[in-house]
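Just so it is clear, A, B and C label the chains in written order, and each chain counts residues from 1 on its own.
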Amino acid sequence: MLERLRERITPTDIVMWMIGGSLLVMIIWGSAATLLAGLYTPRHWLDFVIFGLAQGSVYALIAMGYTMVYGVLRMINFAHSEVFMSGPYTAYYVAAAFYRSGLLESHPVLCLLAIFMVSMFISSMIAFLLEKIAYRPLRNAPRLIPLITAIGASFFLQYVFRGLYGSGFQAYPVVKMLEGHWTFIGIRILRFQAVVIVAAALLLAALYSFIQMTRVGKAIRAVSEDKEAAYLMGIDVDKMISTTFIIGGMAAGAAGAFYGIMFKQVHFFMGFIPGIKAFTAAVLGGIGNIPGAMLGGIFLGLIESVGPSLFLDGLGIVAPYQLKDAIAFTMLVLVLIFRPTGILGERLAVKKA
Amino acid sequence: MTQMESLWRHGIKTGFIGAVTVVLLALIGMVEAFSQRDIIAGVISMGHALLLVIAIFMGYIAAKRTALSGIGSTLINSVVSGVIIAGSLVLLILLGSWVNLRSIFMNASPALYSLLTFGIEFKNGWTFLLLAGALCGLVAGLLYQSFPTFRRILITSLSSVIIAGVLQDMLRPTLSAWGPISVISDWLFSSNGLSLSGAITLCLVIAVILFIWFQKRDILRTRFSRLPSSGQRTLRMAGYVLLVGIFLVLPQVLGLFLSEVLTIVGLYVLLGLGLNIVVGYAGLLDLGYVAFFAIGAYVTAILTSPELGFFSLTFWQALPFAVILGLLSGVILGVPVLKMRGDYLAIATLGFGEIIRILVLSDFLRPWLGGAQGIGRIPKASIGGYEFATPQQIYYLILAGCAFVIFISLRLKDSRLGRAWKAMREDEDVAQAMGINLVATKLLAFATGAGFSALSGAIFASKLSSVYPHSFNVMISINILCLIIVGGMGSIPGVIVGAVALVGLPELLREFAEYRLLVYGAALVAMMLLRPEGLWPEVLHLRELQDAQSSSADSETPAPSGARI
Amino acid sequence: MAILSAEKMTKRFGGLLAIQELDIAIIENSIHSIIGPNGAGKTTFFNCVTGFYRPEEGRINFNSHNLVGLTPDRVVRLGIARTYQNIRLFPNLTALENILVGLHSHLKAGFFGIVVGLPSTRHEETEASKEAVRLLNFVRLEGKEDLLAKNLPYGDQRRLEIARALAARPKLLLLDEPTAGMNPRETQEMMDFIQHLRDALGITILLIEHQMRVVMGISETVTVLDYGKKIAEGTPDEIKSNPTVIEAYLGRGSAAEAR
């Protein structure tokens, strides 16, 4: 038995377990120290969690686009962060117009819906054009080629939008209705965070049921399982790939509008960081796996918001919030060490190998 | 669709694409910004040249697409596309005069509109604009119909005028630093752009040189191939010696600014050669490569800078530590990702790169790593009193580094190890079944790449005399990845060409800084669509690609290079 | 004497029993075929032998080494090389480089030796190239050294794959459907070639085959697998008349008819 165990375990396994183990010990120790020291009240933790959920839903929505595109094309759509940026940046002008005309005061719900629609529409159009112009001719190219194309498209889009709208930050107008907070069963929750969480949850549910239940959704899943077989079954593969980009773009546009509501400003470079985070979330959940992307997004949002205070404060680390991204990426590496295909696993792992 | 319409189809289609392009260029402000500069003083500005080039190019494409349907329809199509492009600008101006576009598009100013009509008032301007468009189309169509040799000479000589105009700020100071040549440059350039006579002369000189070259080319080639093999070898050797000589005197000739650009390109060549081993040879998609660059730079800084006061080694004493720590960190960061494939590997390594940057930036590690302020007062490298301080001097340090790394890369390329890496890139399972120890081979690739990167980082630290965490963001990794793929994966000359194209050129065009990355992005996309194998692919692959293309000449799509399951 | 033997070897995928308590022995210097319907576990057995899968139970002995738990690179060093059902060459490497990769385990050059250019490393490299060219000639691919593997015609690719396996200087060669996708003439050539391999190089050959003509023509022993179990073993003639085999291939009813 012992001999068998020795055969099975290689030195690299031991190193990996050591890395993972020491990180886990640090996390547990840090959390225990923080909690025992009582640095934060339950109210604080609750605020962290709610903020994490709001942030996480934005990540989850963006991650949907990454994961769906990965499913059908097996490529990292690096330019998805610009798809995310394009919507809310364009919608800003709509919002500003509403604000100037006073409509935003008198009909806030209608205006918000319109802003949303514009954001989603622009993002999905950009995604559609992106696929058609930049990716479609490269269907059969080696994997790195579309990746570089995507990086190029990402730069291009960033600077086109910078050229069109300018390089400064644009402040989203404040919606009075979303200021302040509501109280549910004794829990105070900032209004805009509540709206973002609820709306994002609804959208995610809608998207998921669209993919699971409708004919188009089924066709998209068929394409991501096996393009050739799907084609032979009479599915228009090109059209389904376009549809995938449009849906992913809509999700990203919605996420962008939420982002605008939460952080109240837009910028041509705003897509970069959320884009990388969302991609991390998609991988975390198991890329190509739609529920995985949602889960990964929420998980990442929570870790980023709760993690620094929980894990690091107790260890006496200065300014732990600076390290939130490091925590997020450490979590990613940790998950990948123990589950190389993500939390929920890649649906198509077998096929790829 | 009537006969007539279908005849014009290609013209309309290409014209439409061109129209979108020019309107976009106008709205993002590129035309206006470029108009500050003249290519030929008082005759044509860069902004107008840009529009004309696009119109002619699209007209040429339209002509090419209709090549089979006779001269008449070719000309019609190219003219149609030119008119459509001009028409789109007319529409833009009309729209701009009705609605205030400027509240959204910050560049849609009256100045732009007057620029677009070449300064003529709109009433007459729009007819002029349309005429200019038609003329561009006509020129393009005629160009397409002309003799290939004539066409090539004309295009090359005109583009060299444009290039000379675009690079005027570089060329003028460089040339005028040289006594006798400065006379020529003074005559060639006016204060803004080429002088008219200068431009015409340049154009003619280039055309004549090209004409002679086309005449004599074949004769030279046959003469070369007739030489005995020893003679060919000596000629080649002489070529190499000449090349080395050029590299050695380059900074002395080019002056300060261009030498600075050269050092930056050189650093990227070093980095690119390292990543070329990881990605190009071993096929491991590493997006956290900048981490090792940072490690090399920071180790050098910590060991040499008196600011922190831990150590005070010289650059040369610190260098081995930097490289060895780089190698080690390559192994350490390599172990956790051994079992990951493809995109998981990419994101995990990207994560590593970011973790390192964030840690360095944090206040937590500030006493040791300097935090956001970085570490300063890093001493320059020196050998026996010769200090590598100015860009011209540092150039030689980097050149030596590049030579060393190229030598290692060349040795590894066709060795047992290089083959093991390439086999792993092609098919990991089968490589293992052929007796390749994946763990050792992968770690060796990571370590070698990391070592090169750390070397580059050490030189970088001594070049700047200081290190900041902001110099080590993920964009560097992405840039390096792009340059090796644009150069041609796995190809050593490709890395150099890629670095010149993606790092050197943008540095030269700094004055258009606003549009640098835009052009960079568009060029990346265009490059991948039109020439996915890279600018300078591995020789073998190039030949194979051409073979494949000629064998499938009738199919429209280019041969998929190594399409894998 | 058996060069390779499996004892009560079992391989599961989740709940699926891919191979169940397989006992098999391959006699040295013989040509041994494994046949069976799709999904019978033939390729799985190959993967277990070469170290890609780890059987849950049982042993696999090769010249008194237990192969269970060894990684593929160590198995090949012991002297077992294989080819694949769907040819798996290194597509963007030349024919010569493919063979040189096959020689990998017999070369010793390390990082230092390569970079410094030690005389021993250089010598080894020239010798390796010579051997690779010899192998290419042996499989009748002379003059195609510098072509990329992906650009070779199908039959050449098959033979290149075998040459690559031979480069590892195996004592036992595993061929997974070497005649798949070949026309009768090519098949005949491949059969002759396999026999020639055994006779000229004295290696043992274990092959998976679907074409009965090939199996019956060249093998000395045939093992029949069905649903992961061995259902018959013997000479080609014995197998041809074995009712269980016919049943497994054609179904119960047809076995009765055949009788």
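Just so we're on the same page, a contact is a pair of C-beta atoms (placed from the backbone, for glycine too) under 8 Å apart; a residue touches a chain by one contact, two chains touch by 3 or more.
As the structure is a computational prediction, the values presented were derived from the model and not from experiment.
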- Task: Tally the contacting C-beta pairs at the A-B interface and at the B-C interface, and name the larger one.
- Result: A-B
- Nearest chain to the global Cα centroid? B
- Message: Measuring between Cα centroids, which chain is at the maximum distance from subunit B?
- Response: C
- Query: Taking each chain's centre as the mean position of its Cα atoms, how many Å separate subunit B from subunit C?
  - Reply: 47
- Centre-to-centre distance between subunit B and subunit A (centres being mean Cα positions), rounded to whole Å: 32
- Which parts of subunit B, given as residue numbers and ranges, touch two or more other chains? 429, 562, 564
- Any idea which subunit B residues touch subunit C in the complex? 408, 411-412, 415-417, 419-420, 422-423, 426-427, 429-438, 444, 448, 540-541, 544, 547-548, 562, 564
- Task: Please name which positions on subunit C make contact with subunit B in the complex.
- Result: 50, 52, 71-73, 75-77, 81-82, 84, 88-94, 97, 100-102, 104-105, 107, 109, 111, 114-115, 117, 121, 125, 128, 146-148, 150-151, 164, 168
- Task: Sort out for me which residues of subunit A touch subunit B in the complex.
- Result: 10, 12, 15-16, 19, 70, 76, 93, 134, 137-138, 140-149, 151-160, 162-166, 276, 279-280, 283, 287, 317-320, 322-323, 325-326, 329-330, 332-333, 336-337, 340-342, 352-353
- Query: Which residues of subunit B touch subunit A in the complex?
  - Reply: 24, 27-30, 103-107, 279, 285, 335-344, 346-348, 350-352, 354-355, 358-359, 361-364, 366, 429, 439, 474, 478, 481-482, 485-486, 489, 514-515, 517-518, 520-525, 527-529, 532, 557, 560-564
